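By written order: A, B, C and D. Residues from 1 in each chain.
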Amino acid sequence: MTKYIIRRMIQAIPVLFGITIVVYGILLAAPGGPTAKFNQNPRITEEIKEKFKKAWGLDQPIPVQYCRWMGFCNPENVGLQVFIGETGWPNFLPTPISGATNGVLHGDFGFSISSGELVNTRIVRAALPTLILAGVALFVWLVVAILMGVYAAIHRYSLFDQAATVFAYVGFAMPTFWLGIMLIFLFSGPGLNILPAGGMTETRLSPPFGSDEYWVYFGQKPLEALSDVGWHLILPVFTLVVVNIAGDSRFVRASMLEALNQDYVRTAKAKGLPGRTVTFKHALRNAMLPVVTNIGLEIPFLFTGAIVTETIFSWPGIGRLTIAATNQFDYPVLMGVLLISATLVVLANLLADVAYAVIDPRIKF
Amino acid sequence: MTDSRKPQGAVASDLVRRAEEAGQDYEVGLESLSQMQLAWRKFKGHRLALLGLTILGILIGVAVLGPLLLPYNFATIPLPDKIVYEGRPPSAEHFFGETGGLQRDVFRLVVNGARTSLFIGFSSMFIGVVIGTIVGSIAGFVGGFVDNFLMRIVDVMLSLPVLFVILVASRFFGNGNVILIVVIFGLFSWMGISRLVRSQFLSIREREFVEAARAVGVTDRRIIFRHILPNAFSPIVVSSSLIVAGNIIGEAFVSFLGFGVNPTTPTWGNILSNALTFIPLGNWWWPLFPGMAIILTVLAVNFIGDGLRDAFDPRSRA
Amino acid sequence: MTEMTTSTTPMAAGEPLVRVKGLKKHFPIHGGLLRRQVATVYAVDGVDFDVQPGEIFSLVGESGCGKTTLGRSLLRLVEPTAGTVTFRGRDVTGLPAGELRALRRKMQIIFQDPFGSLNPRMPISDIIGEGLLAQGLTDRKTRDSKVEDALETVGLRREYTRRYPHEFSGGQRQRIGIARALALEPEFVVCDEPVSALDVSIQSQVLNLLLDLRRDFNLTYLFISHNLSVVQYFSDRVGVMYLGRIVELGTVAELYRNARHPYTIALLSAIPEPDPRRRKKRLVLTGDVPSPVAPPPGCRFNTRCWLREKLGNPERCVTEEPELRVLQSGHQVACHFAEDVTSAAVVAVAASQPAIAPAASEPA
Amino acid sequence: MTETISATPPLGAPPDRDTLLEVRDLRTYFRVLDGTVPAVDGVSFSVGRGKTIGIVGESGSGKSVTALTIMRLLDIPPAEIGAESEVWFDGREILRIPLNVMRKVRGKDMAMIFQEPLTSLNPVFTIGEQIAEQVRLHLKTSGREATDRSIEALRLVGIPSPESRIKQFPHEMSGGMRQRVMIAMALSCEPKLIIADEPTTALDVTIQAQILELLKAIQQRTGSALMLITHDLGVVAEMVDHVVVMYAGQVVEQGTVEEVLLDPRAPYTMGLLESIPSVEKRGGRLSVIKGVVPSPFNLPPACRFEPRCPYAWDLCHEEAPPLSRVGSADRLARCHLHTSAGDSRRGAALQQHIDAMRVGGTIRDAPA
């Protein structure tokens, strides 16, 4: 098992490496580059632009820029020495060995062009809200989709099944952002106004989320703080999971029906097992196999969905950070966000594979 | 074959006997349908799919004719008497209502938006399918290192949160240009197709009928184009419908965030983007109708996709 | 069929039509991180036999014995790993692609699965006609009439050319597959389990057809089957395969009456006969066929051999691989102790078998 | 056809105590898009305690559906069972008992072995668990006891070192071994009847021999009755006492195995026997049954075998033949040759069959 996980992790390395090249390539090919934001500003001369480029290392050849960003080389040295870290080991090795601290490989994503902060700081700050949103959404998504799917499969063609079918079609066709807008209209607009339209906390009651004062407040009134965030989570989570639930409940249903049609289910019935045992022991476990893989493949949508949801509901997470960074041509932040989310996707797939291997004894390690 | 195979005398009676043994009249019906005709027949039996096809037909009609009949040229339409902040709800004259700001007819906007949205959805799918089929065919047929290399690229592309990347790419390259947006969406729509085509190649290549074709001396080229690709056709078509649906939503989303098509061109996403600012006023009709247009289109495309899936599924009966 | 005799060179008398020598086909198994070859499937592992013009030579064996791979490697549908296949004195294994295509006109194959071997998206005219076109035997104009001729030869109606495979029953599809092979006017046809997928009542129709066609067009068959009754009825000579090798070879009369390899005897004993008066005490082999990835050392059959057990497990069976040796004219066997096989021995072993034989001797 | 099992007609009398299973006029239909298709159409037979019966037929003859109907394993709908049908098992009618009562019969008194041992075993559970869960359920034993019993069952079917085998998964075993597991599972609760649906079709000849020998030995040892479903007349000849031949959903012939295989009376059985290749027929053409099995959507109007039958005459196209007695009480054949209308043709037809079997000099005399 451990060997299998290690092997899958090693297999993920080239993919991650490829991702860095693609991410870097896209941003590199973008016209204008980081200086584009100055174009409209008449007070910034060519000279200033050059200085700006030099200050950010943008005057270097592209491979050098890439290597520096990745942390393959040590920009302080010259000649072949650039590839050597402070301890004399190759620079790309982990910090404890090479002594190098620069570049993505050592967890350094550089500085944000727009704010001058460390990219890490900005990402870490935005990560917690996104993790809260995505985590809750993932939980709701899986529980609801599996329950709905299994129930619909067992009670095939029932009223519930038909209603679930309609929901699945419509939910799957609904653009997330539109749903978000309509929900705000419905629940936070001039009419009902029972749910918060956006944000993560009630600003009149608590300090801004993530600030030091907030944690003090949180320590004092944890229950209130939690229910506040929970209250604000309702609409975004609902918006985020509808599409996935719509698609996956159908998938679970189909997979369950497929499993119920298998010969081994017939054998189980022939053994005289009660219907419950046949369904929930023999069929369900097999039906979950394709579902696990499918969920692994759908994890990226959680990130994509987060951008939408965070934008509409002013959720201070990674999605909002991305939009802001895109608008400000903040390349280091964008690269960091893209790379981290891609890595998470790779990890999610890996996790799905491992989960698959755990429930399917036919997979050899 | 020479004339010696023509039935004569004893041989003729032999042939008659063989025919009798074969029982040729019991199984074969009078009509002969190709797989395509059969598929169409089954498709016609799928009510939702026909509904989808009708809706899509109407939408395409609207997209083609709409801008001619109800042009979006506000230069020729007199400006409202005064610029109002609030829009007006649906009425007999404006049955989708009017927007705030320049007080535009929502119906007119939605009709004009159909053209761009549908165009982007379908043409980007087309690009994706072409790239995906080529990449998948090469990987599946050549195999070995090339296959490995191409599939690792697919892995990389699939690991990227695609809409994330499209968003950034549209912002940086798109400049609001419809064609560029199409290309960007196309460039990120091929991975699924290429995996599909590759796996079809790998499995169909091992099928006995391909081996039989090789045994009678059929060339590789013919095997690819006459045996493998036609058999891969149905899964490609089915997943194309998903791509169209996905890209229509994707484009609306990118435009909604202001990174897509130029805001002066009406697309469903752009209309929604403008509506967002007016939420506090409760102008529900403004986002409602373009959203419904998207849902309707995607539903129609998905219905068609479902119909195609059933139609091509050999296990389902006509 | 007159043009066939003129288009090919006449053969010297007594020379085999097809000669297979030392034929091997090994499939690599890749695994691990770097997709290195971790093991080899010894599907066909050194096979020699001749097929005389006009005869029906059969290969029998259980699944995984390599008979299908062997049939396909004769036509180079799979590339042999080693050894040669000679057709009319020409080495097939070394032919460049162009000549191979021309040669495939003379060597054809009929497949087992009547559903998988016809492209579901092609009408019959294309299925049968594409070979004719590829071989330059016809042009587009005359193609349909040639296809109709071929259909008629196998007992199907001429009007069926525009129909699709799904409109036919299993037996009729099998006829279409035969028509496809026969349309090229081959001399040698590999029949790969052509009746295994068919019901009994249809099976006899197809066997009759194959025999008629052989008579009419002077064909030579390599008939691959796992059904010993069919082989006994159908063929002239038989090779019995076990784990990639031929273990016994001889005429049908010799082999069925006087089998000398312990495996052949067990196979024959296992055939269920539709005559309740002949209920017999079977000689049942223990265990399963070993994996072709790791064939046992020495004689490949030694793990299941009843004779070896009876002889007190001689060392030779695990140390030395028996070669196919000639017992008498036309009867070859690959067993060190073939001479010890007598009908008395067989009966004795069968009688002493426990009612419930253990499934496998290898450790769990 | 319109009446189905839900409307309960008065039941017939139970069979005598020596009869373990009696099937009376069993009809199973499948509801499809354009109507209903008869899969089993008026099948009757009985099995005595400890006896063996073979159900023979080609694909589509309805033999498997018969077994599934008896086990009540078909989903209703799409399947429908005729109102007049009765299945008596061990003294009670089992088509009409509630499903939860039937569950106590399945696996305990009546066990089934399927054709494909790979797909019929659940891939995600160990074989030990799959056998033990049945034992726990029916015999109300503790987990420990159930495991012991599973091991015992595996040992009985000749699986070496069963103590370690119970921890294995189905995919870790060979085809023959899996079929042994299926048999062990069927045996584990000492059923009164084992239904084996093509138990050896997916297996190689030498493995088939192992499994057939095993089934015979087991049956002798446990005294269970065996209902063997197969398309292979050779298997039938070796395994069973009594044979039921099915064609297109109907019984066309039944009798003892000697009677049916040596002196067949239904043209279909005759044709089947004639078409089997054998050494005696070498050098000659095989007899064939012309044509193909009719589609259940489009059955011939009267006799279902009529379009393929070499002996058919006008009557066969107009009137469906009944199942008539051609000897002792349970020696039956469905053919007009054996009704009074066929008196003049019967002799010639039987002679024709004898001639067809006499190819190559071997004469197989029909017993008187």
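The rule we apply is simple: a contact is a pair of C-beta atoms (placed from the backbone, for glycine too) under 8 Å apart; a residue touches a chain by one contact, two chains touch by 3 or more.
Since the model is a prediction, treat every value here as computed from it, not as a measurement.
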A-B or A-D, whichever has more C-beta pairs in contact: A-B
Middle chain, criterion being Cα centroid separation: B
Taking each chain's C-alpha mean as its centre, the one farthest from subunit C: A
Chain centre separation in whole Å, for subunit B relative to subunit A (CA means): 27
Whole-Å gap between the CA centroids of subunit A and subunit D: 57
Rounded Å distance between subunit B and subunit C, as computed from the means of their C-alpha atoms: 47
Interchain centroid distance [CA atoms averaged], subunit C/subunit D, Å: 32
Two or more partner chains touched - positions in subunit D: 288, 290, 292
Interface hub residues of subunit C, defined as touching at least two other chains: 169, 171-172, 205, 208
Shared-contact residues (touching 2 or more other chains) in subunit B: 20-23, 26-27
Subunit B residues touching subunit C - in the complex, by the definition given at the top: 1-2, 4-7, 11, 14-15, 17-24, 26-29, 32-35, 38, 207-219, 222, 226-227, 230-231, 314
Residues of subunit A defined as touching subunit D within the complex: 262-264, 266-274, 277, 282, 285-286, 359-362
Touch list for subunit D against partner subunit C, complex: 58-59, 156-161, 164-165, 168, 174-177, 180, 204-210, 212-214, 216-218, 220-221, 231-238, 257-258, 261-262, 271-273, 275-279, 281-282, 285-290, 292-293
In the complex with subunit A, residue positions of subunit D that touch it: 71, 73, 100, 103-108, 111-112, 114, 116, 119-125, 133-134, 137-138, 169, 171, 182, 185
For the subunit A and subunit B complex, residues of the former touching the latter: 14-16, 18-19, 22-23, 26-27, 29-32, 169-170, 172-178, 181-182, 184-185, 189-191, 197, 297, 300, 303-304, 307-308, 311-312, 322-323, 326-327, 329, 334, 337-338, 341-342, 345-346, 349
